[in-house]
Every structure is written in structure tokens, then in C-alpha cells.
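Here it is: the structure, laid out below.
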Amino acid sequence: MTVQELPGAGASYRPTPPPSWRPRTEAAPLLPDAEPYRVLGTPAADKLDPELMRRCYAELVRGRRYNAQATALTRQGRLAVYPSTVGQEACEIAAALVLAEQDWLFPSYRDTLAAVARGLDPVQALTLLRGDWHTGYDPREHRIAPLSTPLATQLPHAVGLAHAARLRGDDVVALAMVGDGGTSEGDFHEALNFAAVWQAPVVFLVQNNGFAISVPLAKQTAAPTLAHKGVGYGMPGRLVDGNDVAAVHEVLAEAVHRARTGGGPTLVEAITYRMDAHTNADDATRYRDDDEVAAWKEHDPVELLERELTARGILDEAGIEAAKDAAETMAAALRERMNADPVLDPMDLFAHVYAEQTGRLREQAAMLRAELDAEAQG
Amino acid sequence: MTVQELPGAGASYRPTPPPSWRPRTEAAPLLPDAEPYRVLGTPAADKLDPELMRRCYAELVRGRRYNAQATALTRQGRLAVYPSTVGQEACEIAAALVLAEQDWLFPSYRDTLAAVARGLDPVQALTLLRGDWHTGYDPREHRIAPLSTPLATQLPHAVGLAHAARLRGDDVVALAMVGDGGTSEGDFHEALNFAAVWQAPVVFLVQNNGFAISVPLAKQTAAPTLAHKGVGYGMPGRLVDGNDVAAVHEVLAEAVHRARTGGGPTLVEAITYRMDAHTNADDATRYRDDDEVAAWKEHDPVELLERELTARGILDEAGIEAAKDAAETMAAALRERMNADPVLDPMDLFAHVYAEQTGRLREQAAMLRAELDAEAQG
Amino acid sequence: MTTVAVKPATMAQALGRALRDAMAEDPTVHVMGEDVGTLGGVFRITDGLAKEFGEERCTDTPLAEAGILGAAVGMAMYGLRPVVEMQFDAFAYPAFEQLISHVSRMRNRTRGAMPLPITIRVPYGGGIGGVEHHSDSSEAYYVATPGLHVVTPATVEDAYGLLRASIASDDPVVFLEPKRLYWSKSEWNPDTPAAVPGIGKALVRRAGTSATLITYGPSLPVCLEAAEAAREEGWDLEVVDLRSLVPFDEDTVVASVRRTGRAVVVHEANGFGGPGAEIAARITERCFHHLEAPVLRVTGFDIPYPPPMLEKHHLPGVDRILDTVARLQWEN
Amino acid sequence: MTTVAVKPATMAQALGRALRDAMAEDPTVHVMGEDVGTLGGVFRITDGLAKEFGEERCTDTPLAEAGILGAAVGMAMYGLRPVVEMQFDAFAYPAFEQLISHVSRMRNRTRGAMPLPITIRVPYGGGIGGVEHHSDSSEAYYVATPGLHVVTPATVEDAYGLLRASIASDDPVVFLEPKRLYWSKSEWNPDTPAAVPGIGKALVRRAGTSATLITYGPSLPVCLEAAEAAREEGWDLEVVDLRSLVPFDEDTVVASVRRTGRAVVVHEANGFGGPGAEIAARITERCFHHLEAPVLRVTGFDIPYPPPMLEKHHLPGVDRILDTVARLQWEN
């Protein structure tokens, strides 16, 4: 038998392995756009939903004010540390607003604003960052996972939760947030792969703000865009202008809808910029130029929306003032409430380590109790 | 100022962030072919190098015989375990032959054959699998990293080594082998990302043999192909018929050349099939049908090459006989040498834990010494 | 209730039966890991579960341990009770960050709002001729991590009972399965399983008066054998099986050592910084004036796990235990 | 020789100087990690290195700890001497598999052919008001892993000397940097550094006769303060600084405890299964008849690291140390 006689020989010859692992060929549709998707300032803005946009605007203004207030609280010693999202408010707000009541948000350590925009009391959202216990709220009540300090580790959680909900027949989508730096972690890879294999109803939102602390994206990846990473998992990748709240909301809404209707996970890369330093403790001048920051100031998410809405008559001076007033009220309340020292009970150290305290913990608790009593007495 | 007046407004409007992290747009060229590349049985075979192909043939025959002999040794209790590469010999041989003397091979736990084909003494290659010390050879002498049992962990090593060599100005390429299952590990992701960011001279060869033990590819990934994973790292992905040694060699040779000449890393997916069970201890009938195995028998790497070379007059009966004889000679020698019990010194337990033995280890060594002496005395 | 008729006799079968019974009783119990579905696991512990309960409840995952455990965290957040299989001891290491930074702390960091009832099954230890990375005794890592329970059976009965208790626990449990006892047998009748012992109770497996051997998991049979052999030397050894390293049942151990006045801790894990150090230190704290001799340890050497051909020299054996008992200052 | 004129005065500066001097002397020394280049590290330890030696020798890596350590393994295989920075204790966990399965064993598994002279710098411990996951004392994991050296300085001088010794070592070293001592100061002159102490030598920091405090890293200043305070109670405490947990300088510790007859081990890490257990167990083995009381431990509680607002209750402090010393059966 010669090669020519082999069954099916020729350019397309291949034995017929079970379809389960035959290479698929529908690659191209997975490729993200080469340019970030935009709405504001483009013809697509004609279709804006005025109601939604007014809500976004109010939240953006409030979010900006929240960021300023939180940073001020670090200076007053009321917060141990604060990673600001000034410049990234469009992503934070869109992520919060796009979810239905029953959906879950998985924030990264930076995303207190998204949690607040979702309705969480800001004092609760900031519990960790003021040096109090880690999670100042019941994650199940708010369907907001604890802020994740270890980068990217929240992503597999989101996948598992979404998968579990689907197994139980519940209509729940999980939206997981991560930074550009976080995409380099193994957990990012494993989470996206699990999500795609399980077709779990998850949306991954990468906020590409250009830096992981001081490390610029060029040292983080050589990918054309982070959205291109979707290709390798067999999930769609979308690239969006992260300072354009209308665009981010639309892209996320599509992805959430896709997840909700059984279409599986989506990877969304939102291109944005962190205007403040990494945290109040960081010195951003060490790794970036003022010019770069100034260029991004021209592309401010709050101003972009304000201009568009004003130009289109969706927003007027009164609306702007109202938003600002509401933001000031929130900030004043936050300032005041954060000025009260939280009262922590040292004996709580031994609570919630296990469902039931072990003998060893009871002994250690007794020791601390005695120390505290002795201190109190003298 | 209205939206229209914004600098550069319009479809392509975007502030000018530094090029370091501007999304790149040359995505499409990164996309791998949708069909695996083949040479044997296609017009591309006209350009075969007879010398190289005869060498490949001899190695394939020897490799097949090596696999059979090693599996036989497990039945005789001479090997603790053996993961066979029957059916995968084309990948193993091509990986070994494509490298230059100074290059490095990073085998996975399955790839003893690649090490042997590179010139390593098979007895040394099998040291681990016979229950002797892990690495029966000096990795630096042979430029073959220790077999990597923890899956995918060898990939960042290959990147680091290739990077180091380049930093030192040495002409060294690292070829790292991994299975389809191994691509799901975080270390795969981190290694490919580092390689692309550093433009390290590495070639990643994924042997997609359809299974990770019992788990078929469809439960491992939803990607169009594993080669598509290259896109997310900004490195080319190539898809090749892993049973076509000419095609695998050509694709790897291109990738090695690219790495050597500063073109950075490449991801190669070779589609192949493990004809034997996962190891001698595995029962493959639990997870796959005979039909599937039979279909792949029709696409056997040794026979594919033999037919092509015979049809083209590159190989004759004498050549076939000579290859078989050489393989038998190798097998007989291996059998005989593996029949001798290796002599291990129990006191070696304490060697090479540290450069210098710690006091604690000296004490433990003395204890074992005393036990052994007591035993010897009666 | 399940209708499977096979009578479990080995520890492997008892573990499988425990999984099956737990899944049958509680629809939130999900088994997941590499090869646990179609294949039934490389040790066949999960054999038949996918068939009986469907692949959705016994799931072959992609090959990624951090992903497996991380996904299990999310599933537990939603109210499921995942039972995760790590294929071998050393292959649990990739999941370490998820384990330490999340699994062990989630209850604590949410002030009790979000407990994670995850059972992590880890086959561990040597003695089966496994090549490198297949024989680690990794318990020291788990023991040093607050928020985890660490449980390990040494008998067929305990394998069933402790696994049921672990799955039922509202806390995460690292469930260490002694590989070389998988094929140990017992007359145990699976249809009338003994009452499930709670987590955290040690058991005196053999009463004695001269000294106490404290051990767990794969070393229990060795200690019992040593205790028998010790009778020739005139020693009547008590043997305590810890069954749970966290919580550590100090009271049972302390009561025994106060009775016998001497103690040896035996385990396969490396000695330096191993669980035996904690046990010895704690016994000394609480039994100081009852001790006739320092608490000694018989453990694996402080070396990476050796090749199969040498492992017998590394593992605590009867002779080494007896030699150590002999060093308990009997002449004083 | 470097010509930098700044005179190091803090531990952070001494560490940076050690890196700089090592890089200047040995072209195979490469520093790598997250933010170590342009930023100089979040604690500024590597400040100036990228400028002085180029980004190729002080490299900002992608954000992936397993990748960092794994790449360092490959670099060491090729003959380089990587110094890896893990940004914080808990962020070293993703690299755990590389550490345990490769870094610690490569010399052993290649029968000495391929040693890995990698230094892994890990800022550790609490007391700086760091939020969750930024204050772990993770030494128990490293200590329980054969093949690793585990080193931790407590003074500015040692920070320099031990880091130089670690980088010079042909074995992998986990170099634990006590965060809260980064800003501790000393009159130390960087241009005439003291002789580099080898790895594995403990030091009696304060001579005393009543009892020995055994400690390391962040707890050394606390112990010295406690020793001063103890004078009021009539106790003259000896304080031993281990400096290296592996190898553990038993002889220095044993000699001290044999002299004083009493010992307390002090560290921040959780007590259960922590390094103090090994130290206490070992002291007891070797000093049994010299001990007037059991070796006690003052450690972090067996809980996940608490929030900054409560950490002072968790960390071993002077009062708790004195209370424990008081329990050393002085009346016997």
C-alpha cells in the first residue's frame, strides 16, 4: 500500500479521532477587535439610554468623590491604606450596575468602589482598609465576595460559584474583576480554562490600567491585547475603552446576557488608567511621567460622559449640581462615620477560626482574657 | 467644548498612551493554521531530506523497540513504572534530533525516549523509573533537564535557562516538552508569558495525545486548538501532525531557528495519540474504545514514514532490516544491563541534601550507620 | 440509600463507600478532581460515583490543582460541599495559595458568614514504591495553618467514619489518606458502619504501662507491631492513634503519658519541624513532672523523600522504634 | 567596588547594600521580582540596583510568583545566582510548588550535579499595620522542607552579613526579612562591614543566668526589652538570636539552656506546629536533666493573622514573655 492509497490521503487526511478532541476551526470569530470599542463621541452614542446614562453619571460623580474622600481618610489616619480608582470609575460603576440583584460580584483588592456602587455601605466596604476585620459585610447577603488581596485568586472562586449556581438551576451570573498585572498569575489561566470547559456563566473584567504598581504592561505581556487571551481558552475576548462608561456597560451587558443565556464566559479588557498612585503609600513619580498622566486627564471618564450628556441635552446644570450634592452628602456622612473609632473586641481573635473553638484556642483565649483583666485592673 | 471638538475625536480617538502598552494590532498573523501541518503523503514530501529521514526512521524503529522493552521490564519487575510513548515516537525523535549540541531539552516525565534519542544512555534515562535515584545522569553534561514529574513545572525552568544563556551571549535554545493536560496548569501560563515578555529562545512542544491519564481533551480545554494559546502570549502557535516525523521536525526546526535568531518563543502543538495505556499500571479500557485506538493504528508514525520512504526509494528492505537489527541490539543490551540489580548505598540518603551536611543530618547518618552495622553483624 | 452490593473490605473501598453514602444522603456533596470520574481515580477510590450520581456530581476537572481548589471555594461559597481529590501529596502543592490564603481563612475573614465546608483528600506517605514526588508526607504544612482540620485514618473503620465526619464538618478538612494502607483489610460491614467518630478524638489502640507510642496514619500498624515485639524486651507499650492532627486530642495523649511516664512520637514525615515536634513539645509542657525521660521521636529523616529502593531505610520501622524506646532512660 | 556614598543606617539600607555589593563582586548575581527595578521594590530594598547594573541584572518580572521562582531555577541551572524577591510573605505561596518540588530537591535529585544557589527574599511578619495577607509569619512551611536553608536577621549588621552569606551559599536560602525591623537603625559602617557570619550560627545577644529566651528576627528586640524588664523581677535572662532556623545551631542553644536550666522560645508565627515546637522538643531531648521546668513558648496565637487594630494582642510582647517566664516553676 502506498501513501496515495491511504484512506483519505491528501491535504485534509487525518484519522478520525472522536469529535471530543478534534481541533476546532472556528478560531477567527474569537478574535477581539483590534481597537477598543467606544460609544461616547461616536455615532453609537445616538442610541444611549438617557435613564441609564443619568444613573451612570450620578454614580461616576459619587465614585470620584468617594475616591477623594477615601484618600483623604488615609491622610487623617482613618484608613490604613487606600488603593484609589480615580480614573477607573467607569469600569467600577459599569461592573456594579450591569449585574442583576441575584448576580455575584468578585472584586479585586482595588474595587471597593464597585462594591459601593452595587449598594454596599462604604463603611462596610472599607472595613479591611481601615485595619478592622477583613470583610465588613456578609458576602452572601450582598452577593459580593470578599475583596481579594492575593491577586487573581478570586477568579476561580467566581467560576466555581457560577458553576454551582448553574448546577442548581439558578439564574446567577458572576462578574470577576482583575487587573492587568493579575492576568499573569497562574490562577487567571486556570480560572479562564475552567470557565470555558464548564461553560460557566462568568464574565471576567480585566481593568488594564497600564500598571501593576510600577510595572508597565509591556513588561507584563507581549500579547496584542489582553482580550486576545480569550482565544486560548475558546472564549470571546472584547476590548473596550475603559473610560467610556457607556461602552463598558454595553460590552459587559452583552457578556452578562451571553452568560445568563448559556453562552458561557467572556473575557473583557477595559483600557483605562490609574490617575492616582498605586495606593496612598506609593510614589508614582518613580515610574511614570507627568505627561502621561496629563494625556489621560484629557480622557477622564467623568468628563467624557458629562460632555456627551450635556451636548445631547440628557444632562443639564441642575442635574450636574444634584449629582455633586449627592456626592458631597455621601462624602460628609462617610467622613463622619469613619471618624468614629471602631470598637473591636480582642477576644474576637478566637472567634470564627473554626465552627467550634478547639481546646488549644480556648486555652489561648483564657490567657488573653486574663491579660486583659490584669491590664484593666492596673 | 463638545465631544466633536475633542482632540482626535472619532472612531480612532484615543489619547496617546506611551507605546509600551498601546494595544498592538498585528493579531492575525499569530493565529495558527486550522489544520495540522503535514508533510508525509502530501506534495511537501517532495522536499524531504533523505539523510535526515533515514536517520529519523532508524530512530523511530529504535524508539518503538525501546518502548516495548521498557514496558517488558515493568512486567519483569525491573522498572517500577513506565509511561510509554508508543504512537508518540515521531514527536520524541523530532524533539531530540532538532536540537544542536549546545541546546537544552526539558522533558516531561513521559519523555525518556526523547532523552535517549538525544544520546543519553537508556539505563541512565530509566534510573528514576526503576526506583533508583531521580536523575541518573548529569543534566549539564547532557543538557537534558531532569525528568519533570510535577506537570508543567519544567516550563519556567526552560524559560529561565534560555533567558540566562541569552543574557550571557550564548547560542542556546531550550526545547520544553509538555502534555495536553499539562497546558491547564498555571505554570504553563506563567512560563509562556515570561518567555514572550523576555523574548527568550524557547520552543514549547505540546504533545497532544488526546488524554491526561483518563481525561480527554474536551474536558481539558475549550480552545480551538492548543496552538491557539500562543495568541494570548503574543507568540506564534503552530499546529502539526504529531505522527508525521517530517512535519514535526520541520516545524520544530523553524521554531528553533526563530528562537536562535532572536525571534523569540514558539508554541507548537503536535497532535498525536498514546497507543499504550498511561503507564503499565493504567487500564485504558476504562476510558477509551478499541475503535479509537484502531483508527490511530492506521496513522502509525513508524509506518507512515516507512511507507513514504519506501515509496520514494529512500529506504529499502536492507535499510529496514538494518534499523530493526540495531533496535534489537539496543534492546538486548538494555535488557541485560537492566537485569543487574543497581547497588545503592543507604548512606547516600544523607548526601547532596545540602552542599555541606548539617549537624542534624550527621546525627541521623550516624544512627543509620549503626543500624546497618548491627544488621550486618547479625 | 445506595443499593451497591459489594462489601467493602479494604480501606480504599471504605473511603469510596463513605463518598457514596455522603453523596446519597446530601445532594450538595460534589466530588471533583483529576481522573475521579470515568476512571474512578488512580487509586479507584471514586470508582462508580460518576455512574451513580452523574458527571456533574463527580467531575473530571482540567489538570490544575489551584483551579480545582479555587473552583471548590466558589462552589462552597454557593452552598455546595465539595470533596476535592488531589492525586498525590506533592501534587497538592500548586493549590497551596488557595488553601492558605482562602480555604483556611474564609470563615475567619467573613466573621463566620461564609464557612467553607470543603474536604480535601490527599493520598500521602511512602512505602508503595512510588517514584519521586509520589511519597511525600506533607502534613507539617497543613498542621501549621490555622483554620484547617487535618485528619488521617489508620484503619478501615476510621477511613469510613472520619471521611463521613470530614464531609459533614462545616470547616475545611485536609483528609490525609495513607497510601500504603489503601489495601489493608478489615471485617468491617459497610451496611452497619460503626458510629462516626467526630473529628478530634484520639484512641488508645493498645493499652500498656511502660511507655506510650503516639502515632497516626501509616505508622499505626508499625507501632502496633513494635509494641508486640517489645514484649520480648519486657516493655508493655501503649499505642495512641491520633486520627486527627488538628484538633490535636491533647487530653488523651497527656493522660496516657502521665500514666506511662515515657513517650515516643512516630511518623513518616521529616522530623525537623514535623508534627512530632509539636506533639513532643506539648506533652513536655503538660507532663513535665511525670516524664522519666525526654519525649523522643522516630520520624523520616530530614531529607527529600528517597527513591523506592532506599525508602525502607527512611521509614520508621519496628527496629528503629524499639531502639528509641531503649533510649528512654530505663536505668535512671 | 561600588562608589555609592550613602551610609546605610537602617536594615533596609543594609539589605540593599548587601545586594549591591554582591552584584558588584559577582556578575552572576541577578535580582528579580515584582517592582524591584524601576521602583526599587515596595520596601525600596533594591533601590538603585537597576540603574547601577541595568535592567537585565535587576529585572521587573511579570506578576507571577511561580513563574519568577521557576525562571530563577532555570537561570540557576545555567550557572547564575538569582536573588528573588517575593513582595510579601503570603504572596510567596503561589511559588510553593516550585520551592518544594524543585528548589529544595534539585541538588538531591541530581546527586549533587545541579545545585541551585537561589536566594529567596521574603519580607515577613506583622507589626506594621499591614492589612490581611501582608503580615504572615510563614517560616514553618520553609523549616519543614529539607534542602532549604532558612535565615532571618534581627540586626542591621546581620542583615548585611547574612544576606551576603545567603547569596554566596551554593544552596537555596529562604531569606526572611522582618518587615517591622526594616527601619531599625544602627551605627554600622557599610564601608567596613563586619566579617560575614556563616549561615547556621546562633548568637547569645545577652548573657544571663536565670533562663534563656530563644528567638529570632522580629522578636529579638522584644526579648531584649523583656530581659531588661525582667531584672526588676530578679531574673537575669539570657537571650539567644538563632539567625538561622535551618541549619539550627543546637549547640549554642543547648549550651545556654544547660547553663540556665530554663528556656522560653519566642516567635511571631503561630505556635501550633511552628518552629518553636521543634526548638522546644529538641532542647528537651538534649537538656532533659538540666531543665528545671518544661520549655515554654510565647508565640502568635493559633489563628489567621488578625487585623492591624488587634495585632498587638496577637504578637508576643514583653508582658506575655514575662508572664511566661514566671511560669517556669521558680518555686520548685
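We just call them A, B, C and D in the order they show up, numbering each chain from 1.
Following the convention adopted for this analysis, a contact is a pair of C-beta atoms (placed from the backbone, for glycine too) under 8 Å apart; a residue touches a chain by one contact, two chains touch by 3 or more.
The structure presented is a predicted model; accordingly, all values stated were derived computationally and were not measured.
Using CA-based centroids throughout, the chain positioned farthest away from subunit D is B. If you compare A-C with A-D, the chain pair joined by more contacting C-beta pairs is A-C. Mean C-alpha position of subunit B lies 39 Å from that of subunit D.
One finds 36 Å separating the Cα centroids of subunit B and subunit C. Among all residues of subunit B, those that touch two or more other chains are 133-134, 149-150, 184-187, 189-190, 193, 197, 219-221, 348, 353, 358, 360. Looking at subunit D, residues 61-62, 64, 66-67, 90, 93-94, 97, 101, 105, 108-109, 132-133, 146-147, 246, 248, 272, 302-304 sit in touch with two or more other chains.
Residue ranges on subunit A touching subunit B, taken from their complex, read 1-4, 6-7, 9-18, 20-21, 23-28, 30-32, 34-36, 38, 40-42, 45, 184-190, 193, 196-197, 199, 208, 210, 216-225, 228-235, 239, 241, 264, 271, 273, 292, 295-296, 298-299, 307-308, 311. Residue ranges on subunit A touching subunit C, taken from their complex, read 133-135, 138-141, 145-146, 149-150, 153, 155-165, 167-168, 172, 174, 186-187, 189-191, 193-194, 197, 348, 351-355, 358-360. Those residues of subunit C that touch subunit D in the shared complex are 66, 90, 93-94, 96-97, 100-101, 104-105, 108-109, 132-133, 140-141, 143-144, 146-147, 246, 248, 269-270, 272-278, 280-282, 284-286, 288, 291, 293-297, 302-304. Within the complex, the subunit A residues that touch subunit D are 80-81, 128-134, 149-151, 181-182, 184-187, 212-215, 219-221, 286-287, 342, 344, 346, 348-350, 353, 358, 360-361, 364, 368, 371.
Subunit C contributes residues 34-35, 37-40, 42, 60-67, 90-91, 93-94, 129-134, 272, 301-304, 306-310, 313-314, 319-320, 323 to its touches with subunit B in the complex.
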